[in-house]
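Here's a structure for you.
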Amino acid sequence: MHIPDGYLSPSTCATMYAASAGFWWHALRKTRRQMMGRALPRLALMAAFCFVVMLFNLPLPGGTTGHALGVGIAAIVLGPWGGMLAVSLALTIQALFFGDGGITTLGANCFNMAIAGSLAAWGIYHLLSMGSTAMSRRRLVAAALAGYGSINVAALLAAIEFGIQPMLFHDASGAPLYAPYPLHVAIPAMMAGHLTIAGLAEALMTAGLFGYLRRNEPALLGLAKSGLAKDGLATDATPKTPRGLWGGLAVLMLLTPLGILAGGAAWGEWAPRDFADQAARAQIASASGNHAAPAAVPTGLSKLAGVWTAPLPDYAPHFVKSAAFGYFLSAIFGVGIILGVVWLAQVFTGRKGEGTETDTAEKSEERER
Amino acid sequence: MHDLQHNPESVTLRTTEFEASDLHFAYEGVAALRGLSLNVREGERIALLGANGSGKSTLLRMMDGLLFATSGTMKFRGQALTEAALGDDKFALGFHRQVGLVFQNPDVQLFNPTVFDEVAFGPLQMGWGRDEVLERVNKALEWIGASHLRNRAPYRLSGGEKKRVAIASVVVLEPDVLLLDEPTAALDPRSQSQVIELLGSWNDGRKTIITATHQLEVLGEICERAVVLEGGAIVADAAPQTILNDTALLQRANLVHIHRHTHDGVPHRHSSPYLHHEHQ
Amino acid sequence: MSAHPVARTLRGFSQALARTLVSEDAAHARGLLQGIDPRVKLVGMMALVVASALSHRVDTLLELLAVGVGLAMMSRVSLWSLARRVWLVAFVFSFMIAAPAMFLTPGVVVWRWGWLAATAPGVHTAALLVLRVEAAVTLSTLLVLTTPWMWLLKALRTLWVPVEVIALLAMTHRYVVLLAETANQMFESRQSRMVGRVKGREQRHMMINTGGVLLSKTMAMGDEVYMAMLARGFRGEVRLLAEFRMKGRDWLMGAALLMLAVAAVVAGR
């Protein structure tokens, strides 16, 4: 899922950098406020931890192996803002030193895995664990699903970024200049591996680490008192008002069409019809490029692929076929998922303006070790 | 209670640096300090003796204004070290300039990417000018004999080198008081004596040095006054030789014991109390 | 061999990790790139990476790759290690994703293997992808290899990267090796207590438990590091000593790299 340099057009990269920058800026501002930079070493160490967790090749049921990103547990322990910074740091070190993920695509990779991943994980965890006791099974399942969801949201966003490339960027003859597979190929190919293996690895790792911390370090999870997440860093990082979050997402959605203004291509020019019969082959081949793909992809997926193009039939109004609209639509689609989850979490947990008193609670957390 | 008050004439003339009275500290219901009182005067070299969990590290961190008592007061030169006082940038900077703490685990202390940056961290926080920072850092590195290590990553240093760099990173600020948490633990004998020599050469007779340790064999070299802690309270305060001769006290404070344990599954017995060291 | 594959992989990895992250041999060699101001190098090399991402032509990408090879040779970076560490990995990874495009893109068939038919635009697309990855990775790796990490971080200040981010990157980098080694030691001590063949399930449990211990150590260490920072006067604001001074040669190299990048962008359209 680490997109290398050259797979995304520079305009897409710039858009994704801009989108990520908004979140980074906000997250840093929160961090700066948190007790005089107390969060800094925690973030750095969590980032280093995520990096090391990516080296754990976890044996999975069924004989395969996969590795987790650590975004699930990072978001649960540090909250969505701390989580996105920690995972972004880990991804940056990976890109710089190991060429795992490109430098021009770092913005996109961080957006998918660190930012959207953290928000999704945090939202899912809080939504599903709401009202449950500290040691309940539901809370553990919530952690597992937070890991699973975060990875899949990230994969879906990456697939969308891949999938819009051939529509927007190709030469005069129609040959794609960047990632060559359209949405209806990229999405199933990407998701096949992540809905199964990578998602499972992240789910198991998140739930396992969560279970360990719950038994041994409940304070880290904000579960120390009365079984409810009311103190500790996890809630400290809870957005006091969702306004910042909404603002960030709005900016992101507004920015997306800017990407294509530079590209200037038309939706539908590069029709998927030429690929329809070969879609299954493409899935298998491109899936092998993603570490976690299974040996065989069911051929039925090619039918499923039609789902993605179906919403835009031939008789749709002309503006719907414009590149800008398609791009925008994709952005709304991807962001909508995160947005929905976070919104539901906000609504159901019913927290408003809490967290100001946690600063003092946190100081008592310091101790001798 | 062994109350062996050690009070040489020469020391009474000097000003009081730290004044701790009836300190209590608890974390998550577990008490780390229980009614500890202690006076430290300028130029004193004191050893805090105690087994793991006796409250030595907690006390040092309170003296450095990093932890705050649940009840009781800790004063430095008459000023109470409260959370509010340390929240003030001006006071905190001045205080940390005067009182330095070397942590037990050098990996905690060495968080910068290179040795040079490590030693420069403190001076830069103090807001000193570029030339002064460079000069002081170079001087400190030369003093610990690590000028050749300046561009190395802490990861690549040996245990003794790490410890020396950690000391340099604190001493570079030229504090009046140096707090040391187990400075010789987990070092080979040669590195141990290097560190002790280094600390000896730093003290010009007016510097206050407080060393937490459980290693009795270094006691004579690092202090003129030894304070024994047990369960978060002081059980003895005397000249090092007096403490070393009191076997009953040392055994009770868990500082010497002849005990049985295993190393990698092989039963092993310590014969000498002076060989006591930490076990994983 | 008694070691479990898990621990073996991690041990190999933590050593490789340490080598890659900490070794600055190439950065201290006397070569062309090592001699120029890190800020110039950062901006110049990034411009070349962006130029390769912008390029739509195979020949331009080949030229950029040649620039990379030339810079590597003049900077005494071993081409062999570059090939092993960068070119091979990038090729395998990008080719796997790019290869199907050769057969899926509609156009004139240039090559046929039974039912597989490669088209001219398909081959062009695949070549573009692979070459672009190679060029970008070569150029960015050269930057990292020829610049001491701390200098690179300080140079990032010129690209408006906030000083906290630089401190965070520095600390992350600093603790990755330590944590990897700790994890490795924990695996080794745990596996010595496990007898016989270990099933996947047990292995997974062992790894997750190790991860848990590592995570709580990690967070505890984070708090200790914070205290150590406070103890030396940290007040929430990171300060760095920038020691860079621009020389004539730096301006010259900067202009040269930027000119190359602009030329590549123009030629690659």
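Letters A, B and C mark the chains as written, and numbering starts fresh at 1 in each.
In this text, a residue touches a chain if its C-beta (ideal position, glycine included) is under 8 Å from a C-beta of that chain, and two chains touch if they have at least 3 such contacts.
All figures in this text were calculated on a predicted structure; none of them were measured in a lab.
Among the chain pairings, A-C comes first (most C-beta pairs in contact).
Most remote from subunit A, judged by the distance between CA-atom centroids, is B. One inter-chain figure worth recording: subunit A and subunit C are separated by 21 Å, centre to centre, where each centre is the mean of the chain's CA atoms. Note: centroid distance subunit B to subunit C, computed from Cα atoms, is 40 Å.
Work out the mean CA point of subunit A and of subunit B, and you get 45 Å between them. Touching of two or more other chains is recorded for residues 61, 66, 111 of subunit B.
In subunit C, 171, 173-175, 178, 221, 224-225, 227, 229, 234-235 are the positions where the chain touches two or more neighbouring chains simultaneously. Across the assembly, subunit A contributes residues 41, 366 that each touch 2 or more other chains.
Listed in rising order, the residues of subunit A touching subunit C in the complex are 4-7, 9-10, 13, 24, 28, 31-32, 36-38, 40-49, 51-53, 55-61, 63, 73, 77, 85, 89-90, 92-93, 96-99, 102-104, 171, 173-181, 204-205, 208-209, 211-213, 216-217, 220, 274-275, 278, 281-282, 285-286, 288-289, 365-366, 369. Contact residues of subunit C toward subunit B in the complex are 18, 22, 24, 28, 148-150, 153, 170-171, 173-175, 177-178, 221, 224-225, 227-235, 239-241. The residues of subunit C lying in touch with subunit A in their complex are 6, 9-10, 13-14, 17, 20-21, 46, 49-50, 52-54, 56, 86, 89-90, 93-94, 96-101, 103-107, 121-122, 124-126, 128-129, 132-133, 135-137, 140-141, 144, 162, 164-165, 167-169, 171-176, 178-180, 183, 200-201, 203-205, 207-209, 211-216, 218-227, 229, 234-238.
Note for the complex: subunit B touches subunit C at residues 61, 64, 66, 89, 92-93, 96-97, 100-101, 103, 105, 107-114, 117, 120-122, 124-127, 130, 133-134, 151, 153-156, 169-170, 173.
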